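In structure tokens below, several structures.
In the two assemblies presented below, chain A is common to both, partnered first by chain B and then by chain C.
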Partner chain A sequence: MFADRRIGLALAAPAMLFVGLAFLLPVGILLSESLHAPSGWTLSRYITFFTDPLSLEVTLRTLRLGIGVTIVSAIIGYVAALAIVEAGPQTRGRMTALFVLPMMISPVARTYAWIVLLGRTGLINKAVVGLGLSDEPLRLLFTETAVFIGLLQLFLPLMVLSLTSALENLPADVIPAARVLGAGWLTIFFRVILPLTREGLIVGGTLVFTGAVTAYITPAVLGGAKVLMLETLLYQRVSVANDIATASVIAAILIAMSIVTHSLIRRMTGMRRAA
Partner chain B sequence: MIRIAGFSVLGLALLFLLGPFLIIAGAGLSAGDILVFPPQGFSLRWYAGVFEIERFRESFLLSMELAVGSTALALLLGVPAAYAMARYEVPGGEWIRTIVTAPVIVPAIIAGLALLRYTVIPLGLPVMAALVLGHTALVAPYAVRVVTVSLTHLRPDVEEAAILLGASRTGAFFRVVLPNIRNGVMAAFILGFITSFNQVPVSLFLTGPGVSTLPIDMLAAMEFVYDPSIAALSTLLALMSVSIVLVAERLLGLSRYV
Partner chain C sequence: MSSKQVIGLAAGMAAGLVATGAIAQQRTLVVSNFAVSQDLLRKDLYAPFEAKCNCKVVLDVGNAADRLAKLEARKANPEADVAVLADFSALEAARKDLIEPIDVSKLPNFAKLYDIAKDPIGKNYGVGYTFYATSIVYRKDKIDVTSWTDLWSPKLKNRIALPNITTTQGPLLLFMVNRALNGATPDFATGVDKIAGMKGDIVTFYERAAQLTQLFQQEEIYATVTGRFNWPLIAKLNMPIAWAQPKEGLTGGLNVLTIVKGSKNRDLAYEFINEWLSTEAQTRIANDLIDSPANREVKLEPQIADALTYGEETAKSLHVIPPDQVLANRDSWLAGWNSKIAR
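Then we have the complex of A and B:
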């Protein structure tokens, strides 16, 4: 509304300069390291990274966990969100709050709980041995399953909340209409609900996926040195061997994934505004 | 039938999300010396004992100072920027928004490493300054976003009226705009505080010997502490976050800004 461009620019400049100089510049230098070698600009650091069996294994595991957590949280998320929307408005608000609340709690505390549950003398092992399902405690901690469970707990709320808000915007009569016309539940889900809530699924899915592939605390605590993900590999390579070559390539991979997913979200939410 | 199945999945999902907190809260109540659930006996000694642990006390205070300081700084930078983008035709406005919100896109551990190598070490910055830089940059996008939301709820003609009635632009901002977006700014402060207080990856590379944040100290302690003290501490921190959020929701309607 105010036409004076100089004042506007002066007000925005401090924040822009701060983020630009204190944040983007160093990150940019780190990224440029990935294309660097003593001989000049080259892709050799990427080639080294992707031909190293450990790095490749860790990259694939990170993608596998990211995709797996996204799919499972979408399945649980749809069922939970449909149940939330089905309930009355008051219950709906309370349920939403119950999903928001854990997101405000320290991820360190959230992850620590699984040590108590999954450890050798943890609740699950006590139950397994007590019921005679196994003679000795199972190794549950420091496995990919443990990391999967931890990630699912951390990011499931994001999926439930995006799907709930997508389902709330669904016209109230489409499901009864489909039922009257004789559609079964599976048909209703795949032909009516899914297409109409696609945006919410994509927004929730990208938030869960980016969150999972860039997680540090969960793999560090529940995976340890045995089940590395990209961020724990980065930390290990830098702190043990000051290996900036590997770190810069991991940084480039993670930032590239993050930019792709964020622009996807932006396009989705932009579409909703335009529609 | 389908309904019952749906509600059971919802119940199981909530149990999966919230149950672990009951477990750590319970494990912290144990009278014994090792971390187990169900607890052996019942006592509050681990909850009381947490306050006696020098290390955690120091890093708790540091995390508090860091969270308050960097959120305040992020708001000082973010409020004018959000105001400029909401009310002025800023040249390259979309670019500015992209730059200011960019820290959301960069994984925090990478930001921490880059800051350490290319800013902190070359300039010889102390640990605390390094932490403030990293945390402020991470909190700034939230500050801008939340304040922008509350500015869009405030009609621009209120300021125009104040200016027509003789207020200066600065006067109109401090006497008309700021009191009206106060709740939004406070919501931004609370969200920023919680983000910074719980933040781990950006601090990983930036903390130094003797100067550490509470979550980083807890992560380190998990490797050699097998008694219920960390469970007790985690429970207390969870209660702290939950009560801050509940109070903020009551007073400010926090969820409107998230």
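Then we have the complex of A and C:
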């Protein structure tokens, strides 16, 4: 765009400087903190963390919920995105707005709404008891299920939006073409739609997974101390125990989880295409 | 006279006036305090004190861990003069040589304190300015609570929230459960095992007291354990909820005022502490429902007293965990809780 590359670099410099000083540098300091003990460089903080049964349980739960929310939101997301793309322009706009609207409401408000909905006298339990599915109201609040529902609702729109924009770029005739050649819907999805929309899935999946494992409000409010996740454990370590060292270990694990998941999704969707 | 000389003369006169205290000399007293209710404390305590002392009260607010760390960092050249701390934090500060013993003979209002507040951490390192009771709060139409052992009554199964170990109330819960079961060890092993055995029946281990009102309102819980300072909020729900008087007694906590070692304004610090303990200040603070009075001369309207931890009888019935036991065992409580209850 610029004849002289130096102009481009100069224009990018402020942004790069900001990212470097305000983001990369602090993250670097944080990560080195987790590898540093008074005696020198060491992995001991990680070993201590992963040999503690509670931390291990919390890490596995965080992974489990993160992966679960990502997979379920991908399934719902594809269905919703296909419906949106198939709809006429006006309906498409309205449906997209429906998914975007919740994102404009504070996550705190949305999460608190779930406390009322999931409560013993809440809408969901009234329905369950009213339909005769259970004699007693279910204990939903402060369970992993509650956190799962809260996170799914929080991050599903990100998946739907990413997949919608990916599907919009899908050539209109590839699906009919596959049908004509006798492909079933599953084959079409895995051999045609998925490979052609993988970028959307990678973006959506990374956003949803990263968002789910690093969310604080939802696990804190809907899970509480009985359903600790890494983020709530991190907060506890800092605010209660003033244990910055363990907190930096948790932060490093969260960053690692996000990066690994991103490349895993990339690889998995890539392999499908190669197959 | 040159302008330089005029300024010099004026400065000299000003210095003379300051020395005789004739004009407002802006000395500052730095108070390290909790962040809660600072607006009301300014009205009830800092502003009246500033009017008397011709000084300025500057605050350094934050949680105990942060403020202790700050005191430690500034040990050689302390910035704060008075530190407001929980009793066990004050003992920790004393052991780290961050605060100094108080000469209580310099505090005319000291004699007015309840015994529990006079020397809670020993060697007069701190004077108590407020205390609070912790007990069981329960739906009286659903259960009758007369003992800490009622916490595991079948009627409360799946209908009880307990404080998490990370809150100030968590150790108090373990303390009283341990006591009710005649647990002898200071690590509260008996209490930890009891709570661990019933953890499936507990709705949640709460971390923010504000949650409790919602849980009561939605009938998620019929009982919980909490400090008296939350009682006004819960009472406002207009539900049949009562404050228990268990036969084993109540527990609670105590906060103290301490003087930072090496304070540069020691005289002001003494004046400030004496002011805080005065009947007038303690009454104003109590009437704004900030802190319960530790001064036994404070007289309150029944409605105010009900919202606070008030009176000689209450003060005597409180079983407070000895601060040295808190310091010696809090790691083992946390470890016991994390390995048996949090998982």
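As a working rule, the second predicted complex is superposed on the first by the 220 of 275 C-alpha atoms of A that agree within 3 Å, B and C clash if a C-alpha of one lies under 4 Å from a C-alpha of the other, contacts with A are read in each partner's own complex, and residues count from 1 in each chain.
The definition used in the following text is that contacts are C-beta pairs under 8 Å (C-beta built on N, C-alpha and C of every residue); 3 or more make two chains touch, one makes a residue touch a chain.
In this text, all values refer to a predicted model and were calculated from it rather than measured experimentally.
Residue contacts after overlaying the shared chain place A:Q236 against chain C, while chain B stays out of touching range.
Touch criterion met: A:E57 reaches chain C, while chain B stays clear of it.
Touch criterion met: A:I115 reaches chain B and chain C at once.
Comparing chain B with chain C, more residues of chain A are touched by B.
Once the two complexes are laid over each other on the shared chain, residue contacts for A:P107 go to chain B alone; chain C is not touched.
Overlap of the chain B and chain C interfaces on chain A comprises residues 115-116, 119, 121-122, 220.
Interface of chain C with chain A (complex): residues 63, 65-66, 69, 158, 164, 166, 199, 202-207, 214, 218-220, 334, 338-339, 342-343.
Against chain C, the residues of chain A that register as touching in their complex are 52-54, 57, 115-116, 119-122, 139, 141-142, 220, 224-226, 228, 236, 239-242.
Contact residues of chain B toward chain A in the complex are 2-3, 5-7, 9-10, 13-14, 16-18, 20-21, 23-24, 27, 34-38, 77-78, 80-81, 83-85, 87-91, 96, 99-100, 102-111, 113-115, 117-119, 133, 136-137, 140, 144, 156, 160, 169, 194, 197-198, 200-201, 204-205, 215, 218-219, 222, 230-231, 234-235, 237-238, 241-242, 244-245, 249, 255, 258. Only residues 1-5, 7-12, 14-16, 18-20, 22-27, 29-30, 76, 79-80, 82-84, 86, 95-102, 104-110, 112-117, 119, 121-123, 152-153, 156-157, 160, 185, 214, 216-217, 220-221, 231, 234-235, 238, 244, 247, 250-251, 254-255, 258-259, 262 of chain A touch chain B when the two sit together in their complex.
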